[in-house]
Each structure stands twice: as structure tokens, then as C-alpha cells.
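For reference, the structures are reproduced in the following blocks.
There are two complexes below, and they share subunit A, which is joined by subunit B in the first and by subunit C in the second.
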Partner chain A sequence: MNPSVPPSTAEYGGDEVSAIVLDPGFSTTRAGFAGEDTPKSLIPTYYGKYSSDGQESFVFGDDIFVTPRPGLSIHNPMGRDGIVEDWDMAEKVWEYAFTSRLTGPKPGNPLQNGLNDVPEGELSTEMEGVETEEKLLSDSPLLMSEPGWNPTKAREKTIEIAMEKWGTPAFYLARNGVLAAFAAGKASALVIDIGASNISVTPVHDGMILKRGVQHSPLGGDYVSSQIRALFKSNTPQPISITPHYLISSKTAVDAGQPPQAKYRTFTPERAPDASYRTLLEERTLSEFKECVVQVWPGPNKLSAAGPNGVSNEELAKSNPGRPFEFPDGYNQVFGVDRYRVVESLFDAKAAIPDPESVFPAPTPAQTVPELIKNALNGVDVDIRPHLLANVVVTGASSLLYGFTDRLNQELMQMFPGPRVRISAPGNTAERKFGSWIGGSILASLGTFHQMWISKKEFDEHGPNIVEKRCK
Partner chain B sequence: MPPFKDEHILIIAPGSQVTLAQLGLPESFTPARFRFPTRMFPAEKKGEYEPYKIRERRHELKDNNGATAPEDVEMKDAESAQQDGTVKPEAEQAGDAKTEGQDTSGPVKQGTTTEIFYDEDVTTDEGAVYPIENGQIVDWPCFFALLTHVYNHLSPPFHTPIMLISEPAWSARDRETITQFVFEKFKTPAFCLMDSALAVCYGYGTSTATVVDVGKGKVNVTAVTDFLVNEHGRGIALQGCGGDYMTDRFVELLGSKGFSREMCEQLKRSNITELLPPGTPLPGTAATARQGANPAATGPKDGAEGGSTGPQTGEGNGDGDDDEGVLDVAAIVSGNTSEFLANREKEKAEKASAKKGGADQAGKPLRLPNSKKERASFQFEEYVRIEPEKDTPNAPVRYMRQSREIEVGVERFLAATPKQNSADRLTGGLLEDIATQIHHTILAVPDATKRSELWDSLVIVGNGSKIKGFTQSLLGTISQKYILSPSATMFTSEIPSNFSTPLPTGGTNTPAPSGQAGPMNHPAGHGVNPLLVAATHANNPMPGTPSMDPAMSHHRSTGHSQTPTSVKTLRPPEYFPEWKEQSNTNAPGAATTGGPGAPSGGHGMEEAVFLGAQVASKVIFVLDQGLSKGFMSRVEYNENGPSAIHEYTM
Partner chain C sequence: MAAADVRDMLDLPAEGQPRPHKKQKVVEKRPEGITRELFALLGERAPPIAINENRYKGRPKWMSKLRVRPWRMTPFVNGARSDGLVLRHWQRQHEPAKVPALEGSEMEIEKKEETADTASAETPQQDSMFSKYNVKARVPNRYTDEEYNRHLKSDDWTRQETDYLMDLVEEYDLRWVIIADRYDYQPHPVDTETNANALVPAKRYRTMEQMKARYYFIAASMLALEHPPSEMSEAEFELHEKMLKFDADRERSRKELAALQLNRTADEVREESILLEELKRITANEQDFITERRELYSRLEVPISVGNTTMYQSSQGLSQLLQTLLQADKSKKRRSILGPEAGAAPSPASQTPAPNAPSSTRDSRADTPNAAPAAPTNKKAAAAAAAAAANKEAQQSIRTLTPAEEAKYGVQHHDRLAPGVQFRSDRAQKLTQAKSNVQTQKLAAALAELEVPLRLVMPTERVCKEFEKLIHSVNLLLEARKVAEKVESEIRVLEAAKEERERKVKEAQEKDKPEVKSEQEDQPLPAVEATDGVENIDDAAEGGESGEKTGEVERTSHKRSASVLSNTSDKSTKRQRK
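Showing the complex of A and B:
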């Protein structure tokens, strides 16, 4: 074998090709090979845009958190409801998700891989016009996930991108609720997905979603962030402002509650990153806050209700020791009962901390988790309700809020008294965060799934509408 | 399959600049025996590569046979094509020779024929192809040619398992391609592709560490927990943060004073360059005034101690070959290498001793540590071409090494300061960028209880980190920006909430149990009882957490406090004397460079990745024999194809 010629990859084109599973979310996009237990590639769905030398450049991946760039602004191709708004950019972000760690950029592009370098001038003219560029996914089947309320148009657009732009030989679009149920090893389940921009309740029966029962509301992790911001604003004695790390060059230790003493970094106005960049990095600090401080009142009953022996729950919560948190500029404070209040409105709409400037309108009772569950169950056949209640699957990264499953359990017990309510929530962080991806990984590696794929040929024959017929 | 033997194991660790390789595991593990520059030169035949620059030399012979003339023309074409695009003195020489030849042989043009000699120019890197850039493989044919060169050079026996250290930047597809190449080209019975960060952990003998690998143009930051590489949030090939950053910064600072890039590179490697921990005043406070006032900083005096000058290349071959005609290139390749290596060893020793002397002399009059001295000088070495003598215009190209002393001011402490021209990055300086990445990476580790351990086990490797004071300055930067103040970490939430608050010990104020959100007063934040701190900071799983859900296990992302409360580096293991001896990277002589392209000697724990590779090979190939799927055997390859490597990738 000639040392300077790499082995051709075509030799192993057989059954060994594993599918790529792509699970796009509002906050992060997950991608990996089917059959593996965690997605190899986890990138933020947010992307950065800036102009350098008059040219527009994009930043994808974790790099946006690490490297500020002049005039960098942050965008998200997804809408708050989890439906793609900017298709061009969504395609680019998704592409980055699987090229960065899995397939490599343009794996077989013969124009760039150096194998076919022809001295200049020798390129025959007939080559022009022929489609020389091999497509990104031309040798991997692709399984993608979608929210249960994805409109037909978006579904068709998705398969068009996969088939026409990426050239995938086989494609399938699965509901992320179904996939999360599979990840928990269940074909029928009531899936409660607490994401960044949405919380959803999806009844799944025998591997199919029951469309009439699907409920969703915007009280996700980002909503909790907005509640935390509202708390900071109303903080006494002075409101807390978050200054992200990138604006700080060094800080000095100060005592709790004392004003911060930090040296700040300044950028000239024309080079300073956009306000949206600051917001994104503030979110990073807020998620640290959520991990370290925020706690869901475990129940029983609401935080505002009175406990069993007459002492109000709020008093009880106050007696728990507070949790300290230090902000990037060095300001630190102990958070007492407030750390319960910021998430209470997921269960009790009245407990929301009012903030007129927030992008989130005050929640309505119908948007809270217990009401969503109730409505979801009301939307399905009476006969299968007990079965669903016995198989409640909790997934989504925001469900990792401390005490969330305890509270959910209490709420379910109250609404549906009886011994048959069972929550299954994986204790492993990764399994909770990547529930629907893992389900996709399982599904796509099943031998019996092979007949489900929509092949390129079928797509060519029937057009994008085939996705409506095949992926139910 | 018969068991593998220690002496048969082949380890290759490719990097952007240097590829480390070794055949066999010694009794006590040593730094890599072979260091190949990671570059190849395009051979005359398209798509093939040579390890050294091959120069053509033509010798014109008077000949009356006119039939050779067309051939002559053809060759010239080939030559100009090969030299295409590179500006170099050699082209001139060729031109000279050509015109000369034409002048003299003008009337008898048809009567000359040209003999071509191929010289190996081991000193140059012009026209070289670097297959790895910023960790990414950018030129596959060249990369494979390099692997083949390394393999052939070490010529392992048939039953040789191969351990290849993989860069984090390689995608899954890249790994498959490499696997396929290794199995099909080298016919190896067993192959292991090991992540470089994991190899460092093996080298340090730790299961959990934050590995910061400072390379040439990039930095990788990896959090490894329990021998598992955390892929999410991993800092992969953070661009513009490697050793080149410091060279670039020097060019920026000193370029106006006549420093070339090569000078800056050598200055960076010299032992007078140092990174001072943040907040340390520069010697001679009026540094800025001086910068403008003293342009004589460069006053390069021609060192008379160019003692080790001498012809470098083509010795023996070129002189004796005049009558041999066209040479077998392969013969040169193999013949000259060992000779060259031997030569270089000798020179290195000479240089080291010369260096020692020089350093002593420079050090004596002042007797100040380098960081207090306002000015210091370093030895700059360069290769100067010896002009061919008139009577033998076709003699092989010769070089002379000259060294001279160059004095530098406080700029030598500013290598990591923010660059003026940072393109489209808003950099806060090299160290701050790396610190940001470390923070991001550790924060992304899902198992929050591991984070504080990760902060306490930084491992900084890679040749970019060899600059004196790099580690200290990085730690300083991190603690300035990220370390939490004691008052924020007192009474942390690691106490399970159903435990009562620990009783106050002398002098501490306990937060009132009904802790209102108001300002908390911690006058004694610094005088905390160490036992209490230990109790609250330990990463113990919470035994008494109220848990109703049996599935709610230890992996909860709460019940932990913020990190970091401290940041430390891990101590390297001490039971490998060969590594320890070398680890003082700033000893005189250790940091010198052998001129353009020649790798420098003296490598210590910044190449811990190679130590780890040896430890891991011993475990995987010899002790474990494949029981725990540490490597992929050829049988498995034949059955499952290259994509199965992911199940074995460590």
C-alpha cells in the first residue's frame, strides 16, 4: 500500500456505519453516534456573530463562552417555543454540532483534502459544473428529534436540509418525548421535560405520542433565571448586579454583603461585545447560582401554605441554614428563604416574583407543572391514565434543580392520591440532561428500527411530505 | 495471541512541532528516545514526502553528445517547479550556476550535460509541510508519511503493538482514518489510541486532574475525573494561546528594535525570559521610559565563540560523489541521519558547556536573580550560509553556526501580556485566556462534587509552559480572578440541610439560623477553625440528605458549594529519576535551541504525556493483555472495521 495514500474508507461501508443522532434544543444541541451512552458533542445552540475586516464571522461552540470578540453579538436560531426560526443559521449550528467532534469538517471534500491536488492549470474544464463536493453526511444515517408540537412546515424543512444539504442516505424524525421515554426503558410514559425555554408534558403510549395530551409552557430554566434576576433587583439593602467574568480582571475578597472591590476590564465602545453577549455570560453565572443555591421547596404543600403543625412552610424554610454565593466581582451574600422563592412559581403561579421588565409575562396558573400534568391527562383516554401515572419520566437539565423531583412527587400524590404514582428520574446527571438524545441513541441502534428509516430514494419519490406519513 | 513484550511496544506521540517516539519500554521509564520534527518535505514525486529537505545540485559536464540536451531542459523545469513559491538564497545560487554555465558553455551549448546530486539539508525547514496545525491534522498524506517515517526509522519487529497518543482536536472520523491506516499499513497486531490528557493522568498517577496542555499555537484544557475524560465543556485547541503567543508578543515589543522572529523565539526559550506572578513590579520601575530611551538594546556583538562552526551537511557524500553520478536518495536518507544525529549530540554538549560558562560570567557581576535585573542577555544562535568558494561552485551547501549575545530589557517579562494586535479576539493576555478556559471547563463537569478536587489538581504540561514562572503566574491569575473569598465559602451548603448548623468555635460568628437576606457580618472570616472548614469543604456524599426517591443518587448537582476555594498543581511523581533529572527546564543549556528546526534537549515533566503513554502501554499491553478492552486487536479490526476503535479509545 502506498504510504502517501490514505486507505479508502469505502472498504467498510457495510453494516458497521452507525447513525448520527442529533437532538437540537433551545439552549444546547447534542450530537453523537447511535449506540453510545452520551453525546460526544454538546454545543450551545447560541452562536456569536461579529464582523472582522468587514466580513461577517460566526462563532460556534463553547468558544463563545471563553473568547469575547469585538462587537460580538449572540443569537439563537430557535424560537422560545422550541421551533426553529432562522433555518439558515439552525443548519449551520447543527452542522457544527456533528462536524466539530464527529465527522470532521467536510470529510470527503476532494477539493481540500490534498489527495487530489492537481497542479494549477491542469484541471480539466469539464470538471466545472459537476457537483464535486461530497456532502457532509453522505455516509451516515441521521436521526433527529423534535418537540411534540413541531409544525408540519418545520418538519418538512428539517428533512429537506438533511436530505438535500447534508445528503444523508436515511433519515428519521422522532419526538423528543418518545425518545426520553425510551431512554427510561418505557414504551408508555408521561414524560415531563424541564428544559431551558420550555417545560412540556408528553403522554406516550406504545411509542407514539398522544398528540391531544401534549402540553407545554415557557416556565423553563430561563424563566427561573428571570426570577432570580427579579430577586436580585429587589434585594435589600442594595440590588445585586451581575458582572460576568470577562469584564473583571481581578477581584479582592470582601465580606458578605459588602460592596465588591474588583478591577474591571474596559473595552473601547467600538470593540466592546454586544449587550447580548453580556446576557449570555450572566446566564452562566446564574446557572452556577441555580446549581449551588436554588432549591425547590420539597413539600408537602406550597411554600406559602401552612405546614402540618401550624407553622407556615415559609417559616420552616427560613430555619434552614442559608447558602452563600459569590458573584464574579467578589460580592457575596447568604441566601435564605429566597432561594426557594425563585422556583416556587413553577408550581404556584401566585408565588412568582413580580418583575415588570422581564421578558416573561407573569405566569398563569395553567402554565405551572401540576396544571400541565392535569391537562395532559385530561387529554388522553381514561383507560390509560393510571398506566401513565405509574410511569412518570422526568427529564431535562432544569429538572436537576435541587428538590425538584421530591416536590413533583408531592404534587402528584396530592392530585392523584393512590399508590400507583411512580416517578422515574435517573440520578445520573448525564442521563437526565441528555434523556432524549440517549433515547435516540438506543432507538437508532436497534436492529428492528432499520425498516423505519426514510431512505433517500423514498424522499426523492414522495417529497418532504413523507415525514408526515412516516414519522408519527 | 502470544503476549506482548516490553521491548516490542511502539509508542508515538505526535505534536504540532515534535513527534515523540520510542520502541520498547525501559526498566525505568525515560523521556522519549526519539524526537522527530513533525514535518515532511514534499518529494520530487508528487504526493510523496521526505523527512529532510532534498536539494538538487547540478554539475555540468562537457559532453559532445547533444542528445542529452532535452533532458536537461526538462530537469530544469522540474527544479523550478519544486522551488516554486519559496524565496531562498538557494534559488539564486541555482540561477547563478545556470547563467555561469551558460556563459562558459555558450558556444557549445549542446555539448553540456548536467548531473544532478541530491543533498540532504538537515538544517533547513524551508518548504516543509507541517501536517498538524493547532492539533488538527491538516495534511493527511503528509501525516501518514510522517508516521511511516517514524515507523521505518524505529523498525519494530513483527509482533509490535502500537500506542498512539491522540490529540483532543481529532474528530471521531479522524480516529477511524488513523486506525485504518495503522492496521493496514503497519499490520500491527494491536493498536491503542489514547487521549493525550488521559496519558498525562497516567503519567502523574492520578485519576482526577485538570490537564492544561500548552502547545505551540493552542491550548487544550481537559477535566479528567476517575480516568474519564469529560468531553463536554472541554477546551479543545483554544486558538492563539500557545507558545507562539509569547513569541508574537516579543515580536510586537521588540520588533521595532530590530529583533527578528527567530531572535524572539530564541529569547523566549532562553533562561532570562520569565513570567512574573501578577502584581510583581518589574525591575527598574521606569520601564516604559527606558523602552523608548534605549534603542541600543539590540547591540548585537558578534560573538567570537562561534567555536562550533563547521560544515553541517552533505559531508562525505557531496565531496566523494562527483564521479558517482546521480545518487540513490534513499541511501542518503538512511546514511546521513545517524551521522547527523551523532553530530548534533556532540554539538549540543559543547553548546551546553559554552552556555554554562557564558551564563556564569553574565551572572557574576550582578549576583541578582534574573527577575530583579533590569537587563539581561542571552545567546542567539543562527546558521549562516557559507558562500561557496569560487573554484567549487557546486560544493554542497554549508552552514556555520554563529552565536552572539543579545541584551534585552524588561520586555523579557512581558511575554504573556495582552497583545496589541490580537486580530479578532479581545484577549486579556495569555494567562487570563487560559484561566477563563479552565474555569469554563471545570464548571462544565457534571459531577459537581468533583470540581473542587479538579481545581486542586491542575497539571500543566506542554512545551509552551516551559517558560520560567509560567505555572506560578497562571495560578496567580486564577486566584486573582476566580478564588472565592473565605466569607462566601464559610458554612457552605455541604452541610446537609437537616443537620444543625455546626456550633460556633471561638471567635466565629454563626449566621443566624433564620438567616435574613441582609448583609452578613463575618469579621472572623479569615480566622475560621480549620477543622470546621475541612468539615464543610470535604467532598463527602451527604449521608443524611432527605431523599424520597431511591433513584436520586449521589450525582446530584447540588449539595455542593461554589468552587474554587483553592487552586493547586499536582506534584509530579518522583519515582522516575530520568524524568526528575530533566525537569529543571530552565537549567542552562536546557532551553537552548539547536537552531532552526532542531529540537532542543532536556525535556522533563512537561512531556508527561509520554511518561503516561509508557505507563499505560505497560498496563494495557503487558499486564492487562486486553482483558479490559484497552486496545483493539487485529482480529477485532478485521471483524468490525475502523469504527470499532471508539469502543477501545482510551
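Showing the complex of A and C:
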């Protein structure tokens, strides 16, 4: 078989209709053409808002990280539970996701684009009857994803935006758990999605979620960040403060544990961006910290438990060599057992580092990953539980925490010693990060999926409630 | 670069004269595409080489004649959709049947194509090839009101809820896991808003088993209504039976068990796996034991080879055998690998020191004279030395055992060994088999009386000996009884004869008849002949007892048949005794 020749469509049942797949998340929004292996457009869901010349302006995409405009504040249209809160802004962010890279901005109404401004009262009569406005997505079907607990109202609102604002000829709303399972090549699976704001466990059977088994809790990547902040606050000898890059004009190297020697940039109060901007950039440093330092205790038991030969796991963890990390201001330190502690509360609620200032309340035992899995399995029929356990799909960017799947495997084996537990977690980071997008890309390029689309005509006939009937 | 240059570079001594082969080599055909110098470097017997021409290949000629086939974005509809949604995908344009020869006509055809394209773009006639995959699960026909009221009424299920269930089943194509997950029946969906204060019956939680039971009942009933069971096809009838036999309680208990099985603790799982392992081991052992035993028995049944070995018993014969073996060996091995002296030296006897070990008594004695002189010539001196050392050690270690030790180690001395392998138990078994059936039965009866099993449980040497003794004494006993019976019967016969004689004397005194006399002469004859067979003694005794004098002669002439009948006659005598 020649690898340079793509497989014929008959082989994989593909039939491309140039559909666009949009996978909105709390942290990032992914968009791309169906049939490709990674989303072409990856933008943060956060957007910046500032006022210039008395007018409100927005910054989308990666640009929000770049310029500390005066008064720039950062917002997120999504709620912490993964459900859209600000529909107007969500629409704008999503629009940006596909117009910036995929479709390009469509020519708007020539009357409004500023080129044809005419003085008041001189509006030419010929232009009035002409229907000029072309919708953004008029020639691409759109597949969107949603969390398994999305309420009906949000689903209806989504299809309304797609059909009425963007004018897509066909639309479908799929659960991201199902899509992640498809990306792993499974129609039935137990999908464990570790996202930024949420972790969710979704049992999928024959390509449909089992609603009674869907579990989610807020212990996602942002929670880990808050734990890291708590750790920094309680750090000895002195608490660590995170100074983002934009506040530093120069720095000199210092030894580990020594106070930083850096020149800071200062902004006058009227030039300074909003505090949320600083938080956003601090989060970037923290995600770098998560990628480089943080490690999940691989098991077999909890970090606080005693090991097999009497030595407590914490002692064992201490004996592992530490990992150094340098902050943007030059401060650097080696992190030993602490790097295990910040994620331990994903598995063991008691191990959470207390932080009264955090937005996250202390986790309850029911919010930890093992408990979520247990509850999810208890919510489905007993006959398919062993099958689900043999097809555990791990997805979401926060699942890339070092050693996460090992620990998960250990926990599952301890909880269910009888049935065979098999975790399927792609080693490729892109496949793990964009699991649900890739599943959507596969689904939307299948020839057999054509009959599933909700067409514009159907939407006009039945109204937005059709999404409940068709996207089951 | 010629070979001489390479030599020069590598400081190899140049060859004295130009090689005479060189010209010949040139004559050897040089493959195309390889330079002469390169070919000269390859020496004799060059491996086959693929020659890659460093040249742009281009397209095959026939390809340039083809036209690029155009792809078009074509609209299509999927037959599985009811709303006629038109989607567009790229598709290869259909080629005209033959390639036009003239340029002018090509232009025309292109124009035609274009018009065809525009036509097809407006009316998408083409149906998607995937619509055929739109299959639905077969669900039973819907009941009418009348049918429902007559056949399908249930106390547990309202009509509305049944409808809801049937809708759900159809919607989810009988995927029960999903149906049970999505089942959410509101008893009064219309009324909830109008009278929210009214008492709404508590929402009932339906288990999957309840739903299945209801659905199968309805499906089976509908099937039966459509075709009465007598008219159903086989598949239909089977389905009907299966659906009727659905037992919700059993299913529920099965699921409970499955949940238990799923939620076992680690210890239980470990224990189970250990037990399973043990079971596997036991069955495997049993299997092994059986096969081994079978093999042993089959080996015993193989006839002992009776080939003539006399020609190998002399040293001459043995050396001849060795020579033939070596010849066979040599022809197999290549001479180049084996050295000249190595080819002759190794003899099977000297290479394998095993027969030298004293454990096998008879063979080693025959072999040692051969092996000892062969050892020094052996190339593998180390092996030979080791063998010799082992020999010495073995000789030193030979010591006489005391009788107690012999018994302890189970050493036995045989005067004469029977050829082949046999079981000790078999030998013991043979003892219980007498020449005749009757004797065997008697032996068995005696053993049974003594509560000794016929087949020994633990046939050790001592037990076998004891058994032998026992059998011997039983035989003696039987013999003695036989003799005793014989004597007894003889006494009886003689007494009877005596009586007869006395009576005859009396009669003779009265009548004096000659016929009786002949009978009298016949009488002792059976008694004498009966001595060689056990049965005949019995017979004789019988004869003596009952005084059947007339059949006696006949019986002696048919010994075999008499012996068969002896059992029954035995019984009859016993009865008589009683």
C-alpha cells in the first residue's frame, strides 16, 4: 500500500461535504474542516474587552496575550460548568474561530461596510429591495460539540445561532464524549475528559451517551492551577509570587531559592490593563509549570498512604529527584514532593491544599476522578459495565499531566479487581488535546452521516426544538 | 580506479605480473550501465547488483496520451432523508466514452459537457451511495385500540405508558441499554401545567426488565395476532417462543449476580484465580498421568525385538558396526569442515561416556574394553579425561552392601533377567491366573474370603513376595482339598462297590446273573481317569454320591462338556446336601 496515496473514500466510507467542525471548550475553541486530523483554528475562548475613543472594542484569538492595552479586561463567555453564559459574546468568539482561518470574512452588506456611506436622505432606491447579505457559513454544514449535561435551552440557542445568524445549510450537535470515543475508534466507551474547567465521565453506548451515567465535577486544569497558587503561597522560606512576562523589562540570573533580581515595568493606573489580564497571563505561566513540573503520584496507593514495605509513599516521593522551574522574573526553585501534592486531590479529596482565597471550594470526595467513575458506572446497566471498563478513553489536555493515566489505571484496578480494565489514551498530545474535535472530524466526513444532519428546511419546519429530537 | 590502485593505497604487495585472468574477465560480459573500472573492482563471482540509472524517468508514454480527468463540486441528495437536503461534494467527472481524435471535435464535446454540468448542477439527480445503509430495526406492528383492549391490557401499564415505551423502542432501535437510560415517562404531560397543585402520582422507576417484559409480551402477542402460532414460519415461531419465555425475575436475579461478580474484592479475585490455577494444575496432572500410563502400557505391549545379535557379540562384529556407522557419518558431514584425523577418531562408544557408568551393569562390562583404548585417540581429550575420572570414581565408590543396606536401597540380585520390561504387579497378577477357569475362580474365592484384593493396591517387592507366598499356600490348600475329596470319593466308591459286591454276592447266592457283572467291571474305570482333571473328580464324587452308574461312561468320553456343566452339577450337589 502506498502511503502517499490517500485511501479511497469507499474504503473508509468517507464522503466529504466540506463541513466545518466547531468544538468550543472553556479554555480553547477548536475549529477546522471535517476530514482533517487537527483543527486548523485553535483560539482561546477568552476574549479581551477595552474601550477606545469611547467605543467598546474586542480582542479575540491569540492577540489577547500580546498587548497590555489600557483598561483591557479578559472575559470568558462560558460558565465554569461548560455551559455558555454570554451568548452574544460566545457567538462572536465562535465566529472568530472559523472566520479567522477557515472561511474568511464574508462580504457584509455593502450599505454597512463603510465603503458606500452616503449622506443622509440620499439612499438610492434601487438598493433597497436587493438581498445582499450573505451568511457566514452558507455553504458549509456545521457540526458542533457540547458537554453531556448541556440543557435543552442552550442547545436550542446554539442551533438558532447556527441557522439564523450563520445561515448554515445543515447542522448537528454532538456530545463531546461521544466524539472523543469516536476519535479513539470506539462506539462504546467510558470517556474520561479532563478539561480546563471540568472533569467529566461519560458512558457511551453505541454512539449515544447514557445520560444517567454522565458525571462531572469542577476539578479540572484550572483547579490544579489554584492548587499550585495555594502551594506558592505556603512556600517556605518565602511565598512565591508569579510575575507575568509583560511586567518584566529585564532580569538577571539568580541561584535557586534566591530572591529574583529583575527590573519591573510599571503601568500608570490609567494605562494599566485590568487585573483579569494579569490573571490570564499568570495562568499561562502556571500551565507551563503544569507541563514541566507537576507530576501525578503513579500509585499503587494514595500519596498519603503507606507503601508496600512500610515506607510511606510521601517518603518515596521525596526520594525522587526534584524538578527545577524558573519563573518569568528569574526566581527559580527545585520542587520535590510538592509537585505530587498539587494534583493529588484529583484522586484523594483530603489531600487538597487548603486555600481560603481560592474561587474553588475544597473538593468533596464525590468530586474526585475515581468516585466520578464509580458513580458513572453505577448509573448504567450492569451488563455493559465490564465492557465500558475495558474501553476507558482518556482525553482532554489536562489529562496530559505526567503520570495521570498510570494513576488512573491503578485506581481503576483497585476499585474493580475483577473485570479487565483497559485504558486507551493516545500518546500523541494533539490527539489527546483535540480528542473530541478529531471525533467530530471523523463523524462529519462519513458518508453515512449525511442523513443525520438537521437541514435548514427541517429547522424552519419544526423550530429549534428539533435539536432535541435529532441529536439524541 | 583499478584494482592496482586500491592495492597501492592499502600498501598491499603488488602482484608480480599482470594477471592472466584479466583479459578473460574483460571477455566476461559486462552488464550495461556499469563502468569498466567499477566492474574491474568486483572480483570473481560478483553478487548480482541492481543497476539504478541516474536518469529522470518521466511518465510512461501511454500516460501522456490520457487527459486529466476533471473533478467537479457536484450536489447530491441522500435518499435516506425526507427533506431533500442538497449537499455538495467533489466528484470525478465522467469521461466521454472515447478519446476524440480531432481537436475540433474535442472542443465541441467540452461544450456539451459544460451544458450537461450546468444541467446537473441545477437538478441533483444523483443519489448518495450511502443511503442504502439507512436500515431500521424491525419492530412489531402497532396495535389498534381494539386489539389493545382485548389482548394487551395490563394492570401495571397504562395505555399511554405502553405507547411511550413502544415509541422509545422504535426510536432507539431496540437498544435496551439506551432505552432504559432515556426512559422518562411523565404520567400526565398535558396536565402538569394546568393543575400543578393536583396530586401527581409519584413517578415510577421502571427497570429494564419491566420494560423488556412488557415489550416482549406485546411483540409476541402482536406476532401471534398476525399469524396464529400454527401458521408461523420456523423463525417466527422461534422468536415468538423466545419472547414469550422472557422471565423478568430471572433476568433481575441474573443481573444481581453479575453485579456481585463485578464488585468482588481484590482478595476474592485472588482466591478465585488461585483456585482456578489449582484446578488447571490438577487436571493437567491427571492428563499427564493418564498419557504416561497409556504410553507405558503400549510400550509393554510392543513385541520384544528378537533380531539376531550374535554377530555383534564378537569384537570383530562390533568394530565392523562401528565402521559402517562412521561411513554413514562421514558421508553426511562435509570433509572441509571435519579435519582429516577428526573424521576417523570419534566413535560413538568413546564420545558418550554414559555406558561407562557402572549403573547399567551388563552393558558396561561389554563396552569398557572397547572404550578404554579409544579414549586417548579421542580428539576431545577433556571429555575423555572426565569420563575416565568418572570411571575411576565409580570404581572406587563400588562397595559391598550389607543385607540391611541392600534392603534399604532396594538392591536386588537376579539370577536371570527376563527380557523386556514388565510390571511387578503383573507378575503377581499372573499368579492368580490358574490353568483352568474353575481353578482361577476358586483362587479368587479364596482371596475374597481372606479379603485380599485380586489386583494388589501397593505392589512393592515385599508385598509381592508375601502375595506369592499366599497364592502358593492357597494353591497348596486347594491341592490338598482336591486330594482329600478324591480320596473321600474313592472311599465312597469303593464302599459302594463293596456294598454292591456284598449285595451281588447275596443276589448271586439267590440268582447269579451275568449282566450285572459287566457293570461291575466298568465301575472303577471313571474313577481312575478322573485323577488328571479337577472337574472329573467332582463328577466322580457326584457319581459316587448319587450312584448314577449308567451315565458314567458317556461323561468320561465328553470331558470338555462335562467340565462346563460342572458348575451347575456342583450346585445341585450342594442342594442335595442340604
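Just so we're on the same page, the second predicted complex is superposed on the first by the 431 of 472 C-alpha atoms of A that agree within 3 Å, B and C clash if a C-alpha of one lies under 4 Å from a C-alpha of the other, contacts with A are read in each partner's own complex, and residues count from 1 in each chain.
Definition applied: a residue touches a chain if its C-beta (ideal position, glycine included) is under 8 Å from a C-beta of that chain, and two chains touch if they have at least 3 such contacts.
Predicted model, so just to flag it, every value in this text is computed and none were measured.
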Which superposed partner A:458 touches (first subunit B, second subunit C, both, neither): second
Partner chain(s) touched by A:18 [first = subunit B, second = subunit C, both, neither]: both
Contacts of A:245 with subunit B and subunit C, given as first, second, both or neither: first
Most subunit A residues touched (candidates subunit B, subunit C): B
Contacts of A:417 with subunit B and subunit C, given as first, second, both or neither: second
A:385 touches, of subunit B and subunit C: first, second, both or neither? second
Touched partner set for A:268, first subunit B, second subunit C, both or neither: neither
Subunit C-contacting residues of subunit A that also contact subunit B: 16-18
Subunit A residues within the subunit C interface of the complex: 13, 15-18, 139, 141, 169-170, 205-206, 208, 210-213, 380-386, 414, 416-419, 447-448, 450-451, 453, 455-458, 461, 472
For the subunit A and subunit B complex, residues of the former touching the latter: 1, 3-7, 9, 11-12, 14, 16-18, 33, 36, 38, 40-42, 50, 52, 57, 62-63, 65-70, 99-104, 107, 113-115, 117, 119, 235-237, 245-246, 248-251, 253-258, 265, 267, 271, 273, 284, 288, 291-293, 295, 298, 318-326, 330, 332-338, 400-402, 405-406, 409, 423-430, 433
Contact set on subunit C toward subunit A in their complex: 78, 80-81, 83-90, 128-131, 133-134, 171-172, 175-178, 180-182, 208, 255, 258-259, 261-266, 268-270
Subunit B - residues contacting subunit A, complex: 46-49, 81, 139-142, 144-145, 148, 171-174, 176-177, 180-181, 184-185, 231-233, 235, 238, 278, 423-428, 432-433, 436-437, 439-440, 443-444, 446-448, 480-482, 484-493, 495, 497, 501, 511, 513-523, 525, 546-549, 551-562, 640-644, 646
